[in-house]
Every structure is written in structure tokens, then in C-alpha cells.
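In this document, chain identifiers A, B, C and D correspond to the written order of the chains, with residue numbering beginning at 1 in each.
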Amino acid sequence: MAQLLAVLIDGLIYSSWLFIIAVGLTLIYGVMKILNIAHGSLYALGAYSAASLAGYWIRQGYPPMGSYAVMVVAAILVGLVAGPVIERGLLRFMYGKDEIVLVLVTYAVFLILEDFVKLVWGVDPYFIAQPYGLLGNFTVGDLTYPNYNLVLFGAAVFIGVVLAWVLTKTRQGKMLLAVIHDREMSAAMGINVGRVYFITFTVGAMLGALGGALTAPMISVQPGIGAETIVLAFAVVVIGGLGSLPGAALAALLVGIVRSAAVHYRPELDLFSIYLVMAVVLIMRPKGLFSAQEARKI
Amino acid sequence: MAIVLEARGLNKSFGAVTAANDINVALEQDAIVGLIGSNGAGKTTFINMVTGYLKPSSGTITFGGRDITPFNPRQITRLGICRSFQIPQLFNTLSVYDNLLVGIGIVVSGGKNWAEASHYVGTPGAAVDGMLERFRLTDYRDKLAGELPEGIRKLLDIAMAMAVKPKILLLDEPTSGVSADEKLTLMDMVMEAVRAQKVTVIFVEHDMEIVTRYTQRVLAFYEGRVIADGAPTVVLNDPEVRRYVTGEIPHVTAGDKHAAH
Amino acid sequence: MKRDPTLPILIAGSIILLALGPFLPRWAMFLINVSLCYGIVVLGMLLLMRTGVVSFGHGLYYCLGAYAAGTLDQVFKISDMAVMLVAAVIVTALASAALGLLLRKYRDIFFAMLSLAFSMILYGLLVKTSALGSSDGFNVAASKIAGITVAGTAVDRYVRYALTVVFAFIAGVFMHKYLNSHMGRLAEAIRDNELRVEYMGASVRNVIHVNYVISAVLAGIGGALAAIAVGHIDPEMAYWTTSGEFVFVGILAGTGSVLAPLLGAFIFETIRSFAYEYSPNTWQMALGITMLVVIMFLPGGLWSLFTRKRKAA
Amino acid sequence: MNTQVSKLLKCGVTLLAAALTAAPAICNAQDKPIRIGLVTFLSGPAAGPFGVPAKIAAEAIVDALNAGKVPAPYATRGFGGTPLELVVVDEAGGATKQVTELRNLVERQNVDFVIGFISSGDCVAVAPVAEELKKITILFDCGTPRVFEDASYKYVFRTRPHATMDAVAGAMYLLENRPAVKSLGGINQNYAWGQDSWADFTAVMETLKPELTITTSQMPKFGAGQYGPEISALLQSNSDVIHSSLWGGDLEAFMLQATPRNLFTRSQLILVAGEPYLHRLPGSIPDGTIIGARGPSGVYAQKSVLNDWLRTIYKERAENYPNYPAYSVAQAFLGLKTAYEKAKAQGALGTDEIIKAFEYESFDSPSGKVMMKLGKGHQAVTGTAYGTTRTVNGQITVGNIKYYPVERVQPPEGVKSVDWIKAGMKPGKW
């Protein structure tokens, strides 16, 4: 019983993290049909900037509580810089190319950024441990969890709700959905697709960076974290159905619980549990859990 | 004459829209039938159901006495029911020659499922050149299909349907997107080819002149129903048809614009 | 139409390589050897790309082929290259025939990701198998070829090199013939317009399945040859980044000709090798930039350089 | 037709490119200094804790050697008066790539010796190639016993002891300090190193304390970063001891996440490769953690002239003191120097002579005496040490250090580690 409870809590926390790292990816794909491997680098950039800035903040002796704000600001900055640079500077020349080619373009960006991060921050791991412990712990049965996990969970829910609200309730969001539904059509309707892309990618980049920033306090920020994360994010997005927000949420939940269950009951399966889930889901539902079925006019 | 294709009580609805409403059609061997009706009247839906792209919500389609309702487009094609498309479906990165060669290659390699696989004399290549002749496409032989003018695309689209040895040929607006002065030449070519191979033809057409000129029988569609069925003269004078279909004839142009891009 | 020079080039190229081999510096010989192993795999990718699908999991067969060869030596103490290659072909053919039953239904990113999932599952299984050295893998002693021992002899390297050249040649000729056959045309037709292919009476899924198996077997052969040439195999061969590289090279090279993958693989390996040497800290950046440049200015891949010139001439 | 010819030419030219690029490398052959290829991680997770410290140390040592500023017995400039030159290559990219890179180092870069390889997978893979290339290659930091227990090599040496002793000494130290241990859990990365460490350690523990119960073995994938579920599982296993061979970022992430959850107030933690972590003060390493350095290196290196020397020259180039990979690379250079100069003294500097001199040699290193006693004189052995962390006025240090002599922690020549452990680890004759 205690174990089952642990499975659920651990699963939920891990799911929150998965959702945060995956949501930007699925948003970008939904709108731009780009499976953005560079999302991994944005995650890394976010983590590194958060670690450096918040680290500086704390070394300066400013109120440690402020470090959370600093982390978020760091992520937003990364998004505001990297997003436009990549989208305006590169991707916009690639629109209309084959999806796979676009994947490779972002793969190239990923490779470049990997070394860029190394040139800027070196190979030594960075730390910003304080924010992780700062909020104290909560206890369930005989298990203690840092409250920071609640922050993760809260952030995941917040991001999900806000995005859902923007997409369904606001004018801009409706535009976005229009573009998602039919690019040519919405262009004909006078929606500035280019601008929608620009904004979407920047927001997506911010979310990627935010994922990194929120993760920074619980890991050691080091080369290669992007590569590890992007594959997970991929799996989640594909399982959920590319471009589907609720899909990503459900997939994150599914993968999170499955992994946590594997760890608790069959540790040896942990290594590829996520890929098993992915294979099974895709075999059952070829386009993922939630997927827009586009009919072809002939 | 013998009935080759028969549709009984076909219904099809997309949500609220009824695209086919109790359609009953029996088709004789070698008949040439025109389908008329405004856009969205259910003509293309009918073709899509016959060729297996859409499954009717209810009703059956039989071909040579055999129920083909559950079959997919491939199986139906292999039985000899072939079609062309309102928006030409070509292999854009292949040459005109290869577009046809693909079809003939399929027939030749098709083996026993293909009653008339033996039909072609000489090499597949020779057969292709024969077809290029017949459809006057020889000048475009080595052009990429993606770079052809719209009229030629239409023609190639139809030729590709002919390439796979149809017994029944369904043409979806063969002349839409073809300039007015080319329409007749195109239809003449098609009909010539059709007669040579003894093919039953159904074609959707907005141009009543063409309908009267080439068909012995016309089906008029309105809101998914067949509101008139008979000789062109009879159908075109039918009051309902006059009101709902031919009355003021905006469709021709509509059809044109629609297919133009 | 002017005659297609592909076959003459393949023949001439192979003869040159075989003749040049003994005089090449050994590192160059090895570089070419490994590149050709890669090239053979990428030939398979080319077939898939021509068919309009891309696999991000072909490392699965690269790895399976290598392990089929390796386990023969490791477990059954059979170290004859010929037997190893046969084993690789059989294993990859069976595996791909089975997985193809599923994958044939998928397209685009889903085909890519499902194949990725499969390859990562194999990766996981191998890392779990300590009997096969887990993540360290193990060394492959392919000491004989058709019964004759070559290991340790003066011609050892050259034999492995020549074996690869010969297989690259065979694979190249086969693929060239295949692409120019009805099946090859059908593949391109599918890439252009699946719907029409079905409406002409051919089964898209069957064609994709067949081509998937062919490309998998090529990947298996490439893997086995790599195991023979490198002498070591490990689960990395099934990791998604390996599969990514195959796609990378495929796009880099272009699908214009069967010569493209072979040449592309060589260029890729050379760039990588020298990037490692001259910018050990920024070689990934070098690769990334190369790739962007190619995608931006040579949409047809490096191969379009040659075809362009031909048009101009 | 002529299009064919032109294409043919293009093809040939491109293929010849490789041969042409060989030219500069060949010229290098006549250069005076001894070229040493150094293969170490410059990118990826292993760069920070292992690769780069090793590189820093190597560069510092080479400069010191060339300046003739190394304490006795290594005072001669370079190797026997000839200066040294480093060619550094990134070890990242997997074993297959390393095989290629080794060939390039030897045949294109014309290095005279190769010192390298931190990953066991790479070591296993490159050894036969070094043999084929007939180039003396020193494996400086990888640990797997497989290298010399499953094969024997002429040109391959390893100047650091293999990993068996990490488990053996660790278990002994644990039982000496916590004799009452009843249950053991573990968290190790899911790849060869983690799996082997866990297998060895459990094997040793079961031999030394058969009634011990194994509670859980967590095997997170390499670089997982998120250990929430694993930590819960470990907490619920209520193990007396938790064994871990995690290293680098994974170890640090695990510590960051496990400490606030009081895992280490519940269980005794033993980190067989934890030493580099002490140099990096991430802020949370509980007192009483048992820490290994895979040899008497880093914090366990005993005071000596050579040790002070290494610490000084390293500190000049980095903000902290050398960790064990730095000591490993030092062993490689000094061992090779000894062999080289011994051969030179005997008047012949051929590869075979150097090998002869290298086999069964023993030499002083910053981490004490190193003896090439296993693998027909190609595998080094040293004693090892374990200690326990404690905080002394804000500084994390290791106390209660215990040194273990070779014979207690290493199987003698000809005995496989596994069998030796199963047989009760009888000290052999040395």
C-alpha cells in the first residue's frame, strides 16, 4: 500500500517534469510541424543560465527566495534571445521543406548549440542546489519529499491551464488553432502565419528553457543533459499525439507512472520502459493517444 | 444489355450533411453515362463510394454480380473499375512516360489477378509509347508531371486511369480546368480510347453541351439524391432538373475556377 | 537520352579502390573501409527515402547485423567472415520482415519514431545482457574468410578492406538495377502519391514492406562488415544517434544516385575524422554547420553538385 | 562518353583526397620531440569529473617534464632528455569511433606512444588495435579486469590497478566499521561499469557475510538525472547500507535529491568512486559517507615529494586539487618515462626494448609505489584506501582512512577476479 502510494506520488512528480519539458515541443510541432530537436539545447541553455544567474544572486547574498524569480527570468531571457535567433535567422528559410529535413535542420542546430554551451560554460557541472531545499519538505507515510516537487507539479498544471486557456479562449489562440488546422486557409483568411510562427517558436523556446531552469536545482547542470532530455520529450510528444496539448499531458502521466512503477516493482525494466510504452501506444493508436485526423480531398 | 455495375440503396452522411440518399443505379455494359448536379450534390461521393474511397453508411455495390462494397480502392481497381480525379493525382517528380509506365508495370507484374494482363503487346515501354500517341502526349514524354500545364495534367490523369486496363472508367470532371476550346478535343480523344478498349464510362460534367454530345444516359444529382435518370434530352428537360441543376448555369464557371488552382 | 554512367563508375571505382588499397596509408584504407560500411547502410536509407519514408531506427539492423556476426564468434566460436555475413543477412531479414508488418502501416514522423522506439528497445536489451559485455560490447575476432585464416597475416587489413569494397560494389549495382526496375519506379510513385498508386492497383504497404526489408538487410551487412573491420561492437550501434547519422548522411549525400550514399559516407567520415583532429572541442559544431550549409544551398544533397555540372556541360 | 570520363575523374579525385591529406602528417614524422597521443573525455558527462582533470594534469606534467622540474627520480628533461609533445583527442563518441581515432593517432598523427581511455568499453575495444598497430598504448584510467584477464597483450599496458579492489576493499572497510550490517541495497548506472561494480560488491559481501540480505538494486539509465522514484524505493527498502558506483553529474544529482529526503540518515552510504565529488563541494555530502578513490589517489594519496609536486602544479592550473583521474594520468607518464629511460640506459630505444623495460617494472608515483605485476607485467597493482567523510569547521574532509595492501585486495597473477572472490579472497604470493 505504502509502495503503491509512493508509485503514484513519484509518478506524478516525474510526470510533471516530463510535461514541462515536452509541452514546448508539442506546441511548436502543432503549429509549425517541426519536431524541434534543438529543444534539448534550449533546455540545457535554460538550465545553465538559471544555474549561473541564480548562483550569482545567492552568492551576492540577496534573499534566497528571490532565486526562483531569477530562474524564471533566466528562462524567459533565453527564450527571448534564442527563439528569435533560430526562427528568424534559420528556420524561416526552411519552411515548406520536408518534415524530416526540418528535423535534421534542428538536429544541426542542436549539435551547434551543444558545443556553444561547452564554449560558454565549460565542461564542469554547475550547481544551484539552494532553491531545492529552501521550501522545506512534506511527508507521506515514511517518505519525505522536498516541497520543491510541489513547485514542479504546480508549474506543470499552471503551464497546461494557461496554454489551454490561451488556445481556446483568446483571439490569438483561435488564430493559432486556425493555423494548426489549415495553414493555407488561415493565410487566405489574412492571418499573418509568419508572425504566428515567430511567436509560437519563441514561446516554445521559453518553455524549453523554463524546463531546464526548473530542473537546474535538482541536478548537476553538465554537458549532455540536453541530449538525454530531448529523447524523453520526443517519446512523450509522440505518445500523446504530435501537437496535442492534452495528449502531451496524458502521455506524461502515463510514462511517469509506468516508469515509477517499473522502478518500484521491476527496476531492471526502467531502462527502456518508456520505449515499450511508446511502441505499445503507437501500435494500438498509430498516431498517438490524441491525434487530429486529416481527411484528404480528391 | 447486361448489367455490369449496380448500386442499391446507397446512403452516406458526413455528420449533418447527407452526401448520398438512397441511390439506386444499374449500369449496362459499354454504356456512357454522365453525372450532373451542382457542387456538393453527391456526384463525387458516388464515385468515391463505387471506387472504395468511401464506404457507404448503408447499401451495396455489386460488380458483375459480385458484392464489392467492402473492397478497398486497390481491390476494386484490380477488378477493373478505374477512375480519374477532379484534381489530377500524378507522380509529380516522375516523367510523363514514367507516370504511365508505373501503371502498365503494375498491370504486367500483376499476374493472375489481372484478367487482361496479357492485353499489352510488346514491351511495357512500347505500350506506353502507344498510349502517349493515343492521348497526343508524345511531346511531353520526358517532362516531369509536376511541370505540366493544367490541361495536360488532366489528360495524363485520365490516361493513367486507362493505363491500368479499366472495364469501367469513372471520370471526375474530366474537362474542368481545361480551356473551352480544348474540351472537345480532350473528350474526343478519351472516347476514342474508350471505344477501342470497350470500356463502360461514367463521368461527372458541368458542361451540358458535352453531356448531351457524349452520353446516352444522364443521372442528375441533388442533395445526395438522383432526381432524374434517363436519356440526356429527357433529363435536361425535366422541370426539377431545370430548377435545381441546369437552371441558371453557374456551375461550369464554378467548376472551372475550382479546379483551376 | 544519354547513357547513365553509374555502372561504369561503380566498376571503375571498385577497381581503383582494390588496386589502390595496398598503396594507401593504412589509416586511409581503414577510413575508406569504415566509410563503405556506412555507405552500404545509407544505400538502404536511400531506398527508403526514395519510397518516401525515413527510419530513425536503422541502427537496429546495423547493430543486429554486427551482433549476429559477433555472437557467432563470441558464443559459437565461429570466426569465418563469410558465415558471419550470411548470419547477418538471415537475422536482419527475419527481424525486418516481422517488424515491417507493423511499420508498413506508418508514415512520416510516426514511421521514424516507431522504428526509433524499436531500436532503443534493442539497445536496452543489449545493455542489460552482461553475457554480451553489456554497454562495453565485445571484440570480434573475424580471423578466417571461407576457411582461410587471414588474422595476423600481412594481408589481414587489405582482405577486410577488399571484402567491404566488393560488397559495396554488389550492393551498389543491385540497388542501381532495383531503382531502375518497376519496383524502383513504384517506390518513387509512392513517395509522390500513395493514393494514386493504390488507384492503379498496387499495394503501397507491400512495396514499403519489401523495401524496408531490403534496406534492413543492407544495414545488417554494413553492420557485419563494420564489426569485421573495426573488430569491436557495442550497443551504441543501436542508439538513436547512430540511426540519426545514417539519415544525416543520406540527406547530406542526396538520393540522386546510388553513388551518392557511398561517396557521402566517405565525405562524412572524413569531415568527422578531421574535425576531431583539428577542433577536438568544437567538432559537433563543425558537423552541424556543414549540415546546415548543405541543406540550405544543396537541397539535392552533395550529389546535386555532380548533376548540376553535368547539366552545365 | 566524356561525361563518363569526367565523372570517373571526379570520383577518383575525391577518393584520393584521403591520401593527399596524409602528407602533413607524414612530414610530422621527422619532428624532434616525442609525440604522445592523449585520449581523454573533452565532451559529454565524463569530461568534467574525469576527462578534463586528467587533461589538465597531463599538460602540467608534460610542461614540468620538459622543464626538467620534476622531483627525483624523474628529474631528467622529458623522456631521457627528449622533450614531449601532446596530441589530445576527445574520447567521446563510443568505442567504434575510438578504434578509428587510435588508428588516426598512430598512422596519421604519427604519435610515438598513446596514453588514454577512461571508459572500460573503449579500453576493451582499442587493446587489440594497439596490438595490431604495434604501438605502445597505456590505458590510464579504465577499470575493468576483462582487459588482461580475458586476453594478453604485448603492446598494451595499464598503469592503474583494475577495479576488483574497489569492491573488495570497500566491502572490508564497510564490515570493519559497520560489522552489524544486515541488509544491502544499491543504486548504480545501467551500463557495464555500474553493473560490474554492483555484481562485484555483492559477490564480495556474500562471501564475507553470507547471511546478508540484498534488498533492492536500482539501475537508473546513464544520465537519467531524475531519481525521485529510485530514492523512494531505496527509502522503503530500509537497507542498512546503500552501495553506489554513480559518478559525475549522476552522482551529484542523486546526492542533491536524496539528501533532503533523509535517505542517508536511514542508510549508510558507500560511494566506490565518490572521490572526485569531494573536490566539487555541491553543498551536500552527509558526514559518515564511505568514499573510495579507486586507488590510494586524490585525497588518499599519502604525503610525499611527488604528491606535493603534483598537487602544486595542478593547483596552478585549476581552482582545486587533483582528483584520482589526475593521479592515474600521472602514473601513466611516470611509468612510461621509467621504462623509456631504462631502455635508453641499456642503449636500445626500440619498441621491444621499451616493452621489455616496462614489463614487471615498479616505479614511484604521487599515489605511492606502482608495480606492473599482473597480466604478464602489463597490469599495474597498488594497494588502495577507503575513508569516511566528516566536516571539520565547514570543510568536508575524509577521516578514519584505512590503507589496504595489494595482496588483500587483488587476485594474484593467473587467477580471475570472480573466482578469487568466490574462493574467499585468499591473499596470494606477490
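The rule we apply is simple: a residue touches a chain if its C-beta (ideal position, glycine included) is under 8 Å from a C-beta of that chain, and two chains touch if they have at least 3 such contacts.
Please read these numbers as outputs of a predicted model, since none were measured by experiment.
Student: Ignoring subunit A, split the rest of the assembly into groups that are still joined by touch.
Tutor: The remaining chains, counted without subunit A, form one piece that is still joined by touching.
Student: Averaging the CA atoms per chain, pick out the one whose centre lands closest to the mean of every protein CA shown.
Tutor: C
Student: Give the label of the chain whose average Cα location is farthest from that of subunit C.
Tutor: Most distant chain from subunit C: B.
Student: Does B-C or C-D have more contacting C-beta pairs?
Tutor: Looking at B-C and C-D side by side, C-D shows more C-beta contacts.
Student: Taking the mean of the C-alpha atoms as each chain's centre, how many Å separate subunit B from subunit C?
Tutor: So the centroids are 44 Å from each other.
Student: Per the centroid of Cα atoms for each chain, what is the distance between subunit C and subunit D, given in Å?
Tutor: Distance between chain centres: 34 Å.
Student: Based only on mean CA positions, could you tell me how far subunit A sits from subunit B in angstrom?
Tutor: Centres of subunit A and subunit B (C-alpha means) sit 49 Å apart.
Student: Express in whole angstrom the distance between the two chain centres, defined as the mean CA positions of subunit B and subunit D.
Tutor: Roughly 74 Å, centre to centre.
Student: Indicate the residues of subunit C shared as contacts by at least two other chains.
Tutor: Subunit C, residues with two or more chain partners: 127-128, 195, 281, 283-284.
Student: Among the residues of subunit D, which ones contact at least 2 other chains?
Tutor: 42-43, 190 - these are the residues of subunit D that touch more than one other chain.
Student: Taking each residue of subunit B in turn, which ones touch at least two of the other chains?
Tutor: 85, 89 - these are the residues of subunit B that touch more than one other chain.
Student: Which residues of subunit A touch subunit D in the complex?
Tutor: 2-3, 6-7, 9-11, 13-14, 17, 114-115, 118, 123-125, 127, 129-130, 132-133, 137, 142-146, 149, 215, 217-225, 228-229, 259-260, 263-264, 267-268, 270-271
Student: Quick check: in the complex, which residue numbers of subunit A touch subunit C?
Tutor: Result: residues 35, 90, 93-94, 97, 99-101, 103-105, 107-112, 114-116, 118-119, 227, 231, 234-235, 238, 242, 268, 271-272, 275-276, 278-279, 282-283, 286-288, 296, 298 of subunit A touch subunit C.
Student: Would you mind writing out the residues of subunit C in touch with subunit A in their complex?
Tutor: Subunit C residues touching subunit A: 54, 102, 105-106, 108-110, 112-114, 116-118, 120-121, 123-125, 127-128, 195, 240-241, 244, 247-248, 251, 281-285, 287-289, 291-292, 295-296, 299.
Student: In their shared complex, at which residues does subunit C touch subunit D?
Tutor: 2-3, 5, 8-9, 12-13, 16-17, 20, 24-28, 30-32, 34, 127-128, 130, 133-139, 141, 156, 226, 230-234, 236-237, 259, 263, 266-267, 270, 273-274, 276-277, 280-281, 283-284, 306, 309-310, 313
Student: If you look only at subunit D, which of its residues touch subunit C in the complex?
Tutor: Against subunit C, the touching part of subunit D is residues 3-4, 6-8, 10-12, 14-15, 17-19, 21-22, 26, 42-43, 88-90, 93-96, 99-101, 103-104, 106-109, 120-121, 124-125, 127-129, 132, 144, 146, 190-192, 195-196, 199, 222.
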